[in-house]
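Two complexes, one shared chain (chain A), two partners (chain B, chain C).
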Partner chain A sequence: MERKKKIQWQPVLLLAPAILIVVLIIGYPVARAIVLSLYKYDMTNLQNVKFIGLQNYTDIFTKDDAFWPALKNTVLWVGVTVTAQLLLSLLLANILNKSFRGRGIVRSVVLIPWVTPCVLISLMWAWIFNGNYGVMNEILKSLHLIKENVAWIAQPNTALWVQIMAMIWQGIPFFTIMILAAMQSVPRELYESASVDGASSMKQYFYITIPGIASTIVSTVMIRLIWVFNNVDIVYTMTGGGPGYSSLTLSVYTYLQAQKSMKFGYGSAVAIIGAILMSIVIFIYLRITREQGGMIDK
Partner chain B sequence: MKEKKSIGTFYIPMIFFLVTVLFPFAWTFLTSLKKKNEMFAQEFRFLPAAPTLDSYRELFEKTDFFSNMWNSLVVSFATVLIAGIVSFMAGYALSRYRFRMRNALMYFFLLLYLVPSTLLLIPLYTIFNKMGILHTQLCLIVAYSTYSIPYSVWLTTGFINQVPFELEEAAALDGCSLAQRMFRIVLPLLRPALVASCSFIFITSWNEYTYANMFTNKASRTVTVALSNFMSQYNIRWDLITAGGIVVVIPVVIMFVFVQKDLIAGLTAGGVKG
Partner chain C sequence: MKKRMKKMLSLVLSACMTLPVFSAAAVYAEPKETIRVWYWEDNDGSYADAYSTWSEQYPDAELVLEAVPWNSYHDMLIAAAASGDLPDVYKIQPTWIPELRSLGAIAELDDYIDSWDGKDTIPMSMWESAKAGQEATFAWPHSLVVLYLYCRKSYFEEAGVEYPKTMDEFYKACEALTKDTDGDGATDVYGFSMRGARGGHFMWAGLTLNNGGGFFGDDGSVVLNTPEMVEANQKYLDIYLNGWAPKTAPTDGYTEIVQNFESGVTGMLIHHLNSANEITDVLGEDVDVVPLPEGAAGRYLPSEPCHWAVSANSENTETAINFLKYASEEETHKALCKNAGLVPFITPVTEDPEFTENKFCAASMEYLDDVQIFPVCNTWGDWSETVWPQTMQRAMMGEISSEEMIQILADNLAEE
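== the complex of A and B ==
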């Protein structure tokens, strides 16, 4: 590939539009969000925009009733969702990795939630779990698991769980695709020689498959962590964070500050705190998983 | 390859997954065929007693759903066009040239893919407002293109890596320019892959809600926002939601089923390597 050396201005020109757009529309706004977070900047009160230093941040930590519940919910929302997605996807990938008739169709079908709009996912599950007319209540009643209708979405101790379930449902396909692809790249000979040596399929799974797909799991879990953390649509559409703050997550809280209260300075501060917390989590995560062959080393 | 497939570890979980995936769609579809009084009847029935298309009729005749769909269509197509061209160029450069910072750039694109949209929401709102394009389709096109570029650069680079460079070398010897090589040799060979990644850009733009809800008004509203607006605090129109949901999801699912093979190949090929 030496012949490419003398024409190095070409990649610059080819890359310029992508880098330019991305820097303008992502880089500049990130900088602007940091600046905004230091201001009192309410869209409803633009005469009274003023620099207030870190006051938004101290207010969030000390005076805000919603922040701490939102943080707790975010930990649940991200932690439970991604863990469940990982476990269920491992199971599903294992099934789809076998050869059976109709595998192509089954694969296409189980991937559909991935391309379904999150708003629709939220609405569909809201309808299923509707307290008065929801089919879930009918199913559970006919199984004698509950006696009377439960208002799943309207009561504080269940609302977040319905949303977590919807998010798990949404995320399994992407996870499964990645794991499946990784499983298929594990050399077949390893299994063959293991069988010759008399290793059970359980043993083969834990000693060949899991190590073989570990790096994919690490990188996919990271993508999902960030993804689930960032997701606004499901919670916002179903409950808007309610009842009370019972299903509020940090991303939804930021969104409400922007969309409903129009408090742009305060909202930016919440968004930045969220982004920093997430970065710390990712940093620790990558540190821990590094020895297992994390994506950064590759 | 022949494997033992037991009921407990194979068929039961598979049926469980299939039912779980399909049930919400099935229930939404069944609901959309019901009459309004049946939807909210005291006595529960699973199937519609007398299937009717009333909900769909009302959706298209009495609401702006057609123009919402049109808005989504325009925004999504424009995004595909911009993001597609820009990331084809970038992907070509990243695949064909070796230069310092190349790997750094690949990671840079990957990281951008993960910037929280809520962090950008507020600054973008003020910027679009200042530019005077807030509440137009243009601001969604700009936002979506930007969000699609990192991802599709990643995909396209992986795709172009699979096209042998020798083809281009031969063409270059025959006097083909860079543009000719890109568009007459690489592009045609990549067609299925590019169709897949463009479809994915289309699908994500069509499905987007967070920005669309903030940056549009009645005239520029997209389908996802329209759908969620059927759910207002006091009056939840489940008839319109279920019918609209089916209408919104059908084009996406059809598109996806056609391209999923190529899309998955690109997604898992790992454009970040080497």
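== the complex of A and C ==
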């Protein structure tokens, strides 16, 4: 005969305050956004607020000229930025992990992009790539790579890429510091015994270092995926998503709909779609990386 | 004895502790009424300077001036209106009145205006602008700027062209001023500082709607989409497509177009009095101003009037109205116009030589009565903030034709 399982109330009670806070500060806004997305809710026309079911969603997928370019740009924005940040940070962390004169200063200097406000970074990169007076055009002209000025952030085929470069530059320090910390926590004895066994530096790197920092990489990539996806300030400050829709991302589009056009219902629907897509990406990513310490059990 | 001394001392100390209570009672006075005012700056610090004499005239009311950045002003205002947290007085553009009315956030001012002695010092055109086509008046005239054309004097002399008076002459000037100055095969000077980013709809309207177009017809329907408007819009787009405007034009905003003009990248710029001081600081006498060119239907002078509004929920409405009257006094108005680079419209400031002898101000004042106010409708905020820049940029990139652009603009202007 199966014995009836007794509910343990003590852990529930102990966790209750934390659960309550999570429900209040995360659960309520999420639920409110979902409800808002089912309404025609224009802040400038509050007399005509009405429940329209899934119409915002069908409009986004079928009538909205901006949504699909924004989705495509978001895939590029997140995919290229996080991949490039990971690879460049691995390289930089390896350099900073070696002992050399002035390493402490270099480690501090590397942090500068991370501690610089995003809006300043945007303005700085916008000046570098300014089509009329930007230093990048001058450098490329002096190297005879271009003959005349290129309007980098005013052309649809280059605008997004300049912003991706700015975002890569901004995020490298975070990745580097995380990877560097993980590298330094790999036990020295493993390298020593590998050396005794005759393993080359390359083999030590791929069989000791990489597995040792894998779980850090997994969690850092996940954090960056979410942060880069959510980033509004760089794109909004540099181009506002333009020219046209050429650098519009889902986050910026959500911001424009809700904050500039005051269409809170429609903006919420775009945000919910973005959140669902991001959740799917994160789920797949964690499934794939579960061997390396992802959060999903086998 | 010692014990007595101690007792005395403790008594004195205790009495001392109660002193603040009495002193507080002695200095207690009725708390001052506070008037909160929201505005965006035209020139940093200009409002604080202009309204510095408030406390002398109204010692019982404290004036709290809160400057809000222009880029987020409209968003903040609407959010504050929706949450019932508006300041007593706030600066607006007349096109925002329907939104604020729908939120029940703006007080009707007709009674206060009618009973004010100084009503006649403000021209009727400004009161009409403040009324914004509504059945009642919800705003009080604050400032006005009129768009005109800045011309780089030496560039015109070098190119051998006159300042443009008509649209044909304007396009010819755009072409004539565009030059490769160092012979490297690349253009160094462009004819016109074109603004494709947010806010560019002012110059666009000034150079296209002079062809006879308009936003709404008499019956309230959208009449923007006409063959004449498509043609005029195509000519405007051609300024960029022909290479007479910088390649950066699609994303150029206010800062960029002014910098392009000041640095010699462009030969013409459409803006208003607000930028005159900055431009003359850089270019000195090498700049002139002329009115916007005439099209087939004459001149279209889009204006950017701003007004004061009083919160419907203000608990200090009387003092708020006193502030509006104070802001419209001769000395205060003069100080603000001078500091902030605004066109005076209150008599007798309009006759002050300080303004009439300034060529930039005179050019603005000459056409004060001919200015056009943009339509006042619920869709205008979204149309001007988001739809216009995105659609304009797509047309400049060649993604959509002039006809498609005008159709999108017309569709988004129409109320649902």
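By definition in this document, the second predicted complex is superposed on the first by the 268 of 298 C-alpha atoms of A that agree within 3 Å, B and C clash if a C-alpha of one lies under 4 Å from a C-alpha of the other, contacts with A are read in each partner's own complex, and residues count from 1 in each chain.
Simple rule for what comes next: a residue touches a chain if its C-beta (ideal position, glycine included) is under 8 Å from a C-beta of that chain, and two chains touch if they have at least 3 such contacts.
Predicted, not measured: the structure shown is a model, and the values here were computed from it.
Undergrad: Would you check which partner chain A:Leu92 touches, where first means chain B only, second means chain C only, and both and neither mean what they say?
TA: first
Undergrad: If you count the residues of chain A that each partner touches, which comes out higher, chain B or chain C?
TA: B
Undergrad: After the superposition on A, what does A:Phe67 contact: first (chain B), second (chain C), both or neither?
TA: Neither: A:Phe67 stays clear of chain B and chain C.
Undergrad: With the two complexes superposed on chain A, say which partner A:Trp77 touches: chain B (first), chain C (second), both, or neither.
TA: Touch status of A:Trp77: no partner.
Undergrad: Once the structures are superposed on A, label A:Gln259 by its partner contacts, choosing first (chain B), second (chain C), both or neither.
TA: both
Undergrad: When the two structures are overlaid on chain A, which partner does A:Tyr133 contact: first (chain B), second (chain C), both, or neither?
TA: Both partners, chain B and chain C.
Undergrad: Applying the touch criterion given at the start, work out whether A:Ile177 contacts chain B, chain C, both or neither, answering first, second, both or neither.
TA: Once the two structures are laid over each other on A, A:Ile177 reaches chain B alone.
Undergrad: Taking the superposition as given, does A:Tyr39 touch the first partner, chain B, the second, chain C, both, or neither?
TA: The answer is neither, since A:Tyr39 touches no partner chain.
Undergrad: For A:Pro113, decide between first (touching chain B), second (touching chain C), both and neither.
TA: The first partner, chain B, only.
Undergrad: Could you tell me which stretches of chain A are touched by chain B in one complex and by chain C in the other?
TA: Dual-contact residues (chain A): 130, 132-133, 259.
Undergrad: Taking the complex as given, what residues does chain A use to touch chain C?
TA: Listed in rising order, the residues of chain A that touch chain C are 43-47, 66, 130-133, 147-151, 153-156, 159, 239-246, 256, 259-263.
Undergrad: Under the definition above, what is the set of chain B residues touching chain A in their complex?
TA: 1, 3, 5, 10, 13-14, 17-18, 20-25, 27-28, 31, 39-40, 44, 46, 86-87, 89-90, 92-94, 96-99, 105, 109, 112, 114-127, 142-143, 145-146, 149-150, 153, 165, 169, 178, 203, 206-207, 209-210, 213-214, 224, 227-228, 231, 238, 241-242, 245, 248-249, 252-253, 256-257, 260, 264, 267-268, 272-273
Undergrad: Quick check: in the complex, which residue numbers of chain C touch chain A?
TA: Interface residues on chain C, with respect to chain A: 75, 78-79, 82, 98-99, 102-103, 184-187, 196-198, 246-252, 260, 263, 265, 378, 381-382, 385-386, 389-390, 393-394, 396-397, 399.
Undergrad: Looking at the complex, which residues from chain A come into contact with chain B?
TA: Those residues of chain A that touch chain B are 1, 3-4, 8, 10-12, 14-15, 17-19, 21-22, 25-26, 28-30, 32-33, 36, 91-92, 95, 98-100, 106-113, 115-121, 123-128, 130, 132-133, 135, 138, 169, 177-178, 181-182, 223, 226-227, 229-230, 232-233, 236-237, 251, 254-255, 258-259, 264, 267-268, 271-272, 274-275, 278, 295, 298.
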